[in-house]
Amino acid sequence: MESRFMKDNLGYKLAPLILFVFVALIWEYAPTLFGIPEFVLPRLSRVVSVFADPRTLAVFFDNGLVTLLEALVGLLIGGGLGLAFGVVLSQSRLLMKMFYPYIVALQCMPKVALAPLLVIWFGFGLTSKIIVVALLCFFPMLVNTITGLRSVSRDNLELFRAIGAPRSATLRHLYIPAALPNILTGLELAIVVSLLGAIVGEFVGAEKGLGVLLVQAQFQMNIPAVFAILLILVALGLLFSLSVKFMRQRLLFWIPQEAKQVKV
Amino acid sequence: MESRFMKDNLGYKLAPLILFVFVALIWEYAPTLFGIPEFVLPRLSRVVSVFADPRTLAVFFDNGLVTLLEALVGLLIGGGLGLAFGVVLSQSRLLMKMFYPYIVALQCMPKVALAPLLVIWFGFGLTSKIIVVALLCFFPMLVNTITGLRSVSRDNLELFRAIGAPRSATLRHLYIPAALPNILTGLELAIVVSLLGAIVGEFVGAEKGLGVLLVQAQFQMNIPAVFAILLILVALGLLFSLSVKFMRQRLLFWIPQEAKQVKV
Amino acid sequence: MSDDAIIKVDAVVKTYATAGGQVPALSAVSTNIRNGDFVSIVGPSGCGKTTLLKMIGGLIEPSAGSIELRGSPVTGPREDVGFVFQGAVLLPWKTVLENVLLPIQVKRRVTAQDRARAFELLDSLGLTNFDKRYPAELSGGMQQRVSICRALIGDPSCLLLDEPFGALDALTRENINVLFNQIWRGTRKTVLLVTHSIQEAVFLSTRVLVMSKRPGEIVDDIQIDLPEERLPELIGSPEFGALANRIRPYFTKLAID
Amino acid sequence: MSDDAIIKVDAVVKTYATAGGQVPALSAVSTNIRNGDFVSIVGPSGCGKTTLLKMIGGLIEPSAGSIELRGSPVTGPREDVGFVFQGAVLLPWKTVLENVLLPIQVKRRVTAQDRARAFELLDSLGLTNFDKRYPAELSGGMQQRVSICRALIGDPSCLLLDEPFGALDALTRENINVLFNQIWRGTRKTVLLVTHSIQEAVFLSTRVLVMSKRPGEIVDDIQIDLPEERLPELIGSPEFGALANRIRPYFTKLAID
Amino acid sequence: QDNLREVVFGLPNVAMTPAFCMFAVSSELGFFAEEGLDVRVQTMSGAGQVAQMLAAGSIEIGGITPEPIWTSIDQGYDFRIVYNLVRLPTGAIGVPADSDINGMEDLAGKRLGVQSLGSSNITLTNALLPRVGVDPGSVQYLAVGVGAQAFQALQAGHVDGLATSDTNFAPLENMGMAFKYFLGPGQEALFSTQVVVNGETVQSDPDFIAGFGRALAKGTAVAIDNPEACIQMMWKRYPDTREIGRSEDEQMAGSIKVLEKRLALMTDDYQAEHGWGSTNPANVQIWNEFATETAIIPKAISDIDTRYTNDFVDAFNDFDASAALAEARAWAP
């Protein structure tokens, strides 16, 4: 829908870069310009300078790895269960009626309030954080899987019934591919909350992790460090998000509007 | 996909009820049976008894209203913006490339970490909580809207181009209806996080609301009250979720697998 | 009718329930189809041909009446029945070859033989070298031909075809008609074909059922006593013309409303 | 050709880029179409008819060559052109009436007159009382007829029709052919019709373009000098037979590969 | 070293802080190891969570403020106070040094910032205000959190002062804000964080309690003598407490301030006389009455004297202080 001029044009590639520089400049100079104190919004260079110290980097790396591990394992478990439940529930109205309200109920409980209970049950190690992450990742995956599975057309369903496809084959060759756009959307949402979940889990009680660093930095009123840690989270999130984008382009080649993006 | 026996059968209607009674019984008797201290999991009757006092009810009602208001207004703003951004971004690859990374970045920042900043910026009143809610609701709505808009078939797009439909009409008559299943899924996810957002916002600094009650009850070690408040949140969440289900059935009548549910 | 009936349709009625009320689609249709028969169904648009075919295939349930296939009541789709839908209904995420092999893939491992057979079918339907393409890259007629290959791949003994040749040009259609006649003679499959072409119905069939407008009924049942081998030359023959002329009047009488 | 050409197609080539490589669909097609002409395009399945029609309609871009409509190059769809797609392409969330009125609704308020016209069109295409139904509740042929109504509602001066009658039975098709001839005579719209029926092409057209197999070229351009009013009786006439016979051989020569 | 007993101590704070750096000393100088213990300090969201963990048996020992202790006892949990850790109230009212508020009696009609609306400082302040003739209803509370958020609230004039704890005031002072502090009448008796175990531990494992307390006492003595080394040990033991991107000197100065504020609350005349960890029975009675009066608990705890013990005090103080201090002076990071 862009003008032909923009297509494959240099300007097209430059625009995001320009915006990036623009945002960076604002972040750097707005605090001074508008007299925003450092503890409210430290200038970008202050935040970036936090990364200059190799010892700090090592600490970030160490703790980041723990958070990443919790997020990934939790995502795998929660996302996987969300997918599985989505598939199972959408196969039966009865199961849906029986279990869906409990799932919604579980999701409406603030995880920060549940986290202490999970710590009691599963200890201060990785397990309790992984469970918080899994709880958070479960729902977006579930809801999107169900929506995707429901989008299968009546014609396609009739085809699979006509060729006598067993349920497993119908899932594999029809439901799952048809639901894939939505499942990947669920994954994208789950990825974002997986990082949040790991952090929140760490807030309540952990030995290591970016969440621990964040609480520590906040407690010390070390706001540049707070922002530095947030930047790490953002970087991880963008990395995750890019991999989903990549998966979309690879797996959804048959949707013109998804594949189109490949050329960008 | 159920056996014919189950269809419209009494057992069909009873099963969820039986599960409900089962869960309630476990909640009531497990604490005593397994010696779980009341601190960790109070028995159901203790939690329910919290609601017996009319004064307590009045307090819950008062504060619940505040939380509900924050959640609804935030949902409206955040969900609305998510929808609007989804529409705008998916109209242009350039805008998508430019802004999507920043949106992902924003989402990867733990809201619990941002909340103190928001309180600094927007004060201790409703505004800061509404913004936390809006931030949380924005992303699920955005991502699902984009997925929905992308699901529009090439044939339909060609039709609209052929009849010379202006962009606004294409949106209204093609993109939006086609994306509606996904938009409603986004709404369902947004609704769930809207309540969480309001609570988290209230944790950090608020005058009134269920989040304040929750912190107070936790501090007073009144764990039955903590669970009672969680029950209220669950009830609100289920109410919201039911309304989305209702909307699905009304708005998506043309999708056999959505409409089918009506008969249940 | 004789007892070697493979399909027995008995007083079948179909009424669709819609938000706007009950839509009667088919009113009391009865017929028996013998094993190895090639039966065409013709009738005005919207008269219930697709509905009838889907009920025989076990895809939808009759509102009243009963359908038997090989002596047992139809309660769902059967193995051994190949279906071609009115639209091509191909999976956009599978290649042409994968779409053709789908009925096998959902049941067991695809063998080299299956693949060879698929290539053979694609060749005979003029789709050589299109095996790796995706449906979106095919023309309408090519998609329809892929769906015909898919119905034939499992070598079902009974074929239900809903306007399979509608999007084909005259020559391709004629060639495929000849091909179908060969297949039918070679395998003696039972075939039910919905078509809009009187010529095609007469050319391919041993029997033609004529339906009235909605709610459809069978108004004529014409035996096509032509030699089993049907070649293009046949179309010019007086017997062929006579049979076609027997059907044509119905299309004038049963005028659309 | 004469200067009152409304459509000028000049050395147009189309090659699709796919993951599997370049697919040549159309090789150097040139033709001019005069205002008020009724031109049919026939040719084997997959030869590029749909591609050509979509390029003239401004829906896809030629790989080479140029197309002009009313003297200005085609860069996108134009007002005043009605399109019927090979599939019906109806919106499942709109009723039949809403689908028919869509081309108006996207541009301006629908008036009572528009609605009256829509009902008239539905009536003339045998869809009386189906205005409140949803597409899923229609048969294949009924859906196709709805899409024809949609192309006619805006009273465009130029119609591009891609096998609009493929899913119709012989009689409905004949009736609609007569109707189209009436409409054309009454309004002198310029019509481009892709069809698989030689009979239909001759019956409706002032000119028939015959295309070769993929990558398609125009191999013959036949003037149909019959009286403007075409009635069913015409089909039996010797002139009609002669014209049809002139086209038929191409379908033998251009055998599918 | 391998046969040390692993112990998790529940710390009633979201993060390790200089206020608790005596735990680092006891670990770094091997005081815990000498008692056969390997103590891991686990941060928690607050004293309530520590109480919950202790009640659930997830931890054996923890630091808990009195309110959750009384509540838990009231609810039937057999908590036992074994070591009086923070002997004076941590909470206080602080107003900017240039404020025209000069005592609690000036608070009528003012707005106070608190960490959250669940904060114990609200209960405390409301209970104390009538004692100076101020109607608690006339004082408004606003949740302003801690740190930057609280700083901003004061600066912007959203609140006239803060009712919060020493560890929250210290960073604000480090940011250059000067405060005047007020305590209410009789507030000194309301001690703060206690070391608590389950009653059965007292029966089954007195040596553990004695050893833990002795190591803690040694660490506290070292902290008083050598705060700088104490902070260094905290940095070594808990690297997260190293403030990222802030100079060591700046951080040391700030940390020592926090520590000194806290140490002032960990020593008093009674401790000087009776030793580390000792509890003044009179103060327990005062707390019991205060908690009842302020409805923290519905009725006074009748057997309050059995809920704490001074039995271990002698064991806690049975060490050679000068040797401990010497060890610390010899320690290098």
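Here the chain labels run A, B, C, D and E in written order, and each chain numbers its own residues starting at 1.
The rule is simple: a contact is a pair of C-beta atoms (placed from the backbone, for glycine too) under 8 Å apart; a residue touches a chain by one contact, two chains touch by 3 or more.
Note that the structure is a prediction, hence the values are computed from the model and not measured.
The chains in contact with subunit A as well as with subunit C do not exist; no chain meets both. Shared contact partners of subunit B and subunit C, listed by label: A, D. Counting hops only between chains that touch, subunit D reaches subunit E in a minimum of 2. Chains A-B form the pair with the most C-beta pairs in contact.
If each chain is reduced to the centroid of its CA atoms, subunit B and subunit D end up 49 Å from each other.
Distance from the subunit A centre to the subunit E centre is 38 Å, each centre being the mean of its Cα atoms. With centres set at the average Cα position, the gap from subunit C to subunit E is 85 Å.
With touch defined as above, residues shared between interfaces to two or more other chains in subunit E number as follows: 52, 56, 147-148, 152. Looking at subunit B, one finds that residues 40, 116, 120, 154, 203, 218, 255-256 touch two or more other chains.
Shown for subunit D are the residues in touch with two or more other chains, namely 19, 87, 134, 136.
Every pair of chains meeting the contact definition is listed here: A-B, A-C, A-E, B-D, B-E, C-D. Within the complex, the subunit C residues that touch subunit D are 16, 18-20, 23, 42-46, 49-50, 86-87, 126, 128, 132-134, 137-142, 145, 163, 166-175, 196-198, 248, 251-252, 254-257.
Chain contact summary for the complex, subunit A toward subunit E: residues 37, 39-40, 46, 49-50, 52-53, 55-56, 59, 63, 116, 119-120, 123-124, 203-205, 207, 212-213, 215-225, 228. Contact residues on subunit B toward subunit D in their complex (touch as defined above): 155-156, 158-166, 169-170, 173-174, 177, 254-256.
Within the complex, the subunit D residues that touch subunit B are 54, 57-59, 76-79, 81, 83, 85, 87, 89, 91-94, 102-103, 105-107, 134, 136, 154.
Residue ranges on subunit E touching subunit B, taken from their complex, read 46, 48, 51-52, 55-56, 67-68, 71-72, 75, 77, 116-120, 142-145, 147-149, 152-153, 158, 296.
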